[in-house]
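Multiple structures are listed underneath, in structure tokens.
Okay, so subunit A shows up in both of these, paired with subunit B first and subunit C after.
For the complex of A and B:
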């Protein structure tokens, strides 16, 4: 009797699970197996796939365009993450002073983050346009921001920062709001000034927020595609904005080297796993403060 | 993007007791500031920490605070302008005629404003209605299917006993770690082999069966609903689906609202998958159509800005109405 009931319940469980299980197996698990298979084959979708062993790997690691895209991506992340994190923390500190209008401003700052990155990229492409663009009109210049191999990547990074600062600010505000008042009072009584309080009381307590903001920021910056694709198609001037994601796109869907593109995708995956583990390790090692 | 990224370790736990050590000044009195000249304010940020009574005269404290407030507002207002300027300027450009755009500086208000660009966008072969309709359909199917199937799966994981339940849940969790860029090439080959490239099915199938991320959040929420409520209903003879629909779901409105917003935003904005799996105009989404317009009419910025205005307007309206929910949704889920 009891086992019949249990079997019935299990049946209902599997029934409820069936659609999502199919979706996950077909569109997430199976693709991982396929991407590994693809990485060992040469295939352009037209002629039959051909097993080539590790040739794709050898080719990709000797591919100058791919190696350059690794460097470009790293530079992009190094431009975006520190600036975006510092600006977000700074804005959150100012907003947390609780002046009238702070709640309103917090909402405004998030607006770019809700919009399609592709559309924002197109808007900024106009702003950066050498003639008729808003930035040159403001500066009274006629700089070709996006076709200069030196300026293009910082310009692209600036757009990325602009669209994400508000989002980062939200998390730092939540973190700052969670700092207990009695600690701030204690610091004040001990004679700490605002500067000291920030660095020695608030910042250490923001460690979990910092971890979250850095991990999610780094992971998404390593995969950035939409905005960069809109601003600088085809990898930008001399490939100066050709990040890994745009490189994979070109290799897979413009030259249809699906095998080699799959290798690149696997490399990106490996890099992301390593970065996440490294950040995990760094933040675990440092002292954490336990509420007790 | 489409399956939202994992939320990572989540929001910080509130507080944490810190061994208070406020630096060199902690043990004794802090560095003694020279008494300020009459009327001059101490540098912002140093007043509260100064231990000299001289620096704490009410008037200088107040003027320092005032100065600090003015500075804060100045910086925050700068942020406001920088945040909004691209939107305001692009919308202004969308309402200019090409002639006005060519003859006037980029920062001038269109006079007279014209809707010529929008008319052009919706007329003739550009027909921007089609991508709006396609995207709206994708969003609708995604909200109904993805949320519906996610609710069923989350309820099974949260409240029903069956063999391999925990193992399967781990598989679901693990798939959240896989970035889209890894699955997009195999998905493309899969859909090509099935002959589904450039169809409506291709746009929605990978997402419609549920999202591991939504399932994860819903499961957490369902588990927080008191067991007593559910066992009472079961004693009254309610079946699993009845319990789900008349007890669990009504109690889960906040998380359902959050997930609806996330789903709408991520599918309206989705770009890479529709870009790859569609070709031609029939199944273009708004983002793909905007990108296509930009490369086709390169330099015709008034028309292109009309397109970006339309691509962003629905979510901006949604944001204006639901900003409170959206802000708290981000805080809850870290959605992306």
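For the complex of A and C:
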């Protein structure tokens, strides 16, 4: 009897899971399998795919443009993540004081994150334009921001930070709101000043939020594509903004080497799994304080 | 966890969008068959030119009234990503029934059986098409599309006021990469370039950091600029499908253009133009460029936009005279369309005098159907604009547009290197050699 019931329950469980399971199979597992299959084939979208074994892997790992894109991506993540996180935390601290106008500013901060990245890219392209661009007009300069191999990546990173900071701020505000008042009261009674309260009470309690913000931020920065593509097509000056995602796009949809692009996508996948595991390992012990 | 809601919603929306995309990817045969059964077939036509789209819409209204049961819709895709997207869509069975293709890109589609052959059903109309266009799109003995536009040759639009003020005669300029005494073009371009203090570019006191008016639209523009300079210097870009643009004459031609930009400052920095092919056209329309070398494809844009008097002069002659690139555009039928008959009918309409006349009626472009060119000429005559220079350039010596089974990949291989050459950061000769190797490698993948 009991086992029959258990089986029935399991059956209902699977039935309830079916819709999301279908989603995962169709839109996650299947595409991954297709990419793995593609990585072993040579395909140009028009003629039939041809099995080439590990040729694509050999070619990609010897491809200097691809290796450069790994470096560019890493540099991009290192530029974006610390600044974006620090700015988000700073803005959240100020906004959570509940000063007049905070609600309005909160909306303003989030707007760039809601907007289509490609559209933002186009607008920023106008701002950065060497002739008639807003930035040069304000600075009275003649700088070719997006054509300079040194300036292009920081410029692109700045736009990315600008568009993400509101999103990060929202999370930190939620995290700050969850900090129990009695802990803050206790800290105050113990004579902690605002600075000490922030570093020793609030920040440790924000660790789950920090974990979430860093993991999602790092993943999305590694995958950054649309803003970068809109601002600097063709990988930017001397490939200086050619991140992995734009390299994959160029390889797949401009050079029509779907097989090699798939290898690159698999490398990106592996890198992201490793980075996320590392982050999880770091935060595992430190992640929560049981306040119950 | 309220903050997670938006992500959840976004994810749900993402899944929905993907589901839609997947349905959209199913073969055209399936999702269109129902529309044929209900008695009305919709044929879609994809193109990149907004001006011609307007003309097509008028033309198809006429077609629909003569062919009840067929509806024709135009789909506009921007040129900058047109061929990237087309390939993906053709591969996914998601391309339109009819789409425009240019000579550089049509080969792989023809070779892989993606295009309808323009066979015997079109024999009656074929003789009325511009012969150069038919030649350009005949591959392996078969024609792969109905010629739609013929670009004519390349010539120079000029701002009459600016030219008059500088006291320059632009009717017969000559450029020369080796003998400055024969070069009247550079001198004219310098006279037509002004800094904020009104000094011309040949004045020692000229301030290159503060230019308010440019003489010429030197830039990385294949059709309007560098192809013609190469041709006029006796150089070549391609030999068959092999790229040979690092030859001496082509190096000289590129060097000349790059010098116009970076040494003589008669054209804006490539930082403005490398990734924005319309920058100089817009600057010309705003009255900030004196000489704008281009083709008939910009005639309507200039006529509609320019608020000053302008005219068309021949492009500057090189050591080998004026050698212009000539290009034609076809409308190709999708071989995998679900409604062959309706698509054939639309293609026949586009290749007929009646159908093609609309293209020229508002001056949008020169139809590649010879008998349909009358309204185009009349339109510009009525506007008092002499457009004969474009036709003259096409009738003179020409250099044929690039071709290749893998042209897109090759163009993407040379583009970043050309960017550096035009920015003046990579020496011309060295860069061209590098770009040529990269392009040939990409082509022969």
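General observations
Everything below uses one rule, namely that the second predicted complex is superposed on the first by the 260 of 292 C-alpha atoms of A that agree within 3 Å, B and C clash if a C-alpha of one lies under 4 Å from a C-alpha of the other, contacts with A are read in each partner's own complex, and residues count from 1 in each chain.
Criterion: a contact is a pair of C-beta atoms (placed from the backbone, for glycine too) under 8 Å apart; a residue touches a chain by one contact, two chains touch by 3 or more.
Since the model is a prediction, treat every value here as computed from it, not as a measurement.
Annotation: superposed three-chain arrangement on subunit A; subunit B versus subunit C shows a clash. Touch criterion met: A:45 reaches subunit B and subunit C at once. In the superposed model, A:254 makes contact with subunit C only, not with subunit B. Within the superposed three-chain model, A:61 lies out of touch with both subunit B and subunit C [touch as defined at top]. Judged by the number of subunit A residues each one touches, B leads among subunit B and subunit C. In the superposition on chain A, A:108 contacts subunit B only, with no contact to subunit C.
Contacts of A:174 after superposition: both subunit B and subunit C are touched.
When the two structures are aligned on the shared chain, A:129 is found in touch with subunit B and with subunit C. When the two complexes are overlaid on their common chain A, residue A:238 makes contact with subunit C while staying clear of subunit B. Once chain A of one complex is fitted onto chain A of the other, the partner contacts of A:142 are limited to subunit C, with no touch recorded for subunit B.
Clashing C-alpha atoms with subunit C after superposition occur in a single stretch of subunit B, namely 292-300 (options considered: 220-228, 238-246, 292-300 or 310-318).
Put simply, subunit A uses residues 23, 26-27, 45, 129, 170-171, 174, 233, 253 to touch subunit B in one complex and subunit C in the other. Partner subunit C is touched in their complex by these residues of subunit A: 23, 26-27, 44-47, 129-131, 142, 144, 146-147, 170-171, 174, 232-235, 237-239, 250, 253-257. Within the complex formed with subunit A, the residues of subunit B that make contact are 3, 5, 7-23, 25-26, 29-30, 45-51, 69, 72-73, 75-76, 79-80, 82-87, 89-90, 93, 101-102, 105-107, 149-150, 152-153, 155-157, 160-163, 165, 168, 171-172, 175, 177-190, 192, 205-210, 212, 215, 240, 265, 268-269, 271-272, 276, 286-287, 290-291, 294-295, 301, 304-305, 307-308, 311-312, 315-316, 319, 323, 326-327, 330-331, 334, 336. Across the complex, subunit C meets subunit A through its residues 2-3, 15, 18, 22, 84, 87-88, 90-91, 108-109, 111-112, 114, 209, 268-272, 274-275, 279, 406, 408-409, 412-413, 415-416, 419-420, 423, 442, 445. On subunit A, the positions that touch subunit B within their shared complex are 6, 9-14, 16-17, 19-24, 26-32, 34-35, 38, 43, 45, 91, 94-95, 97, 99, 101-102, 105-112, 114-120, 122-127, 129, 132-134, 136-138, 162, 165-167, 170-171, 174-175, 178-180, 183, 186-188, 190-197, 200-201, 204-209, 211-212, 215-216, 219-220, 223, 225-226, 229-230, 233, 244-245, 248-249, 252-253, 258, 261-262, 265-266, 268-269, 272-273, 288-292.
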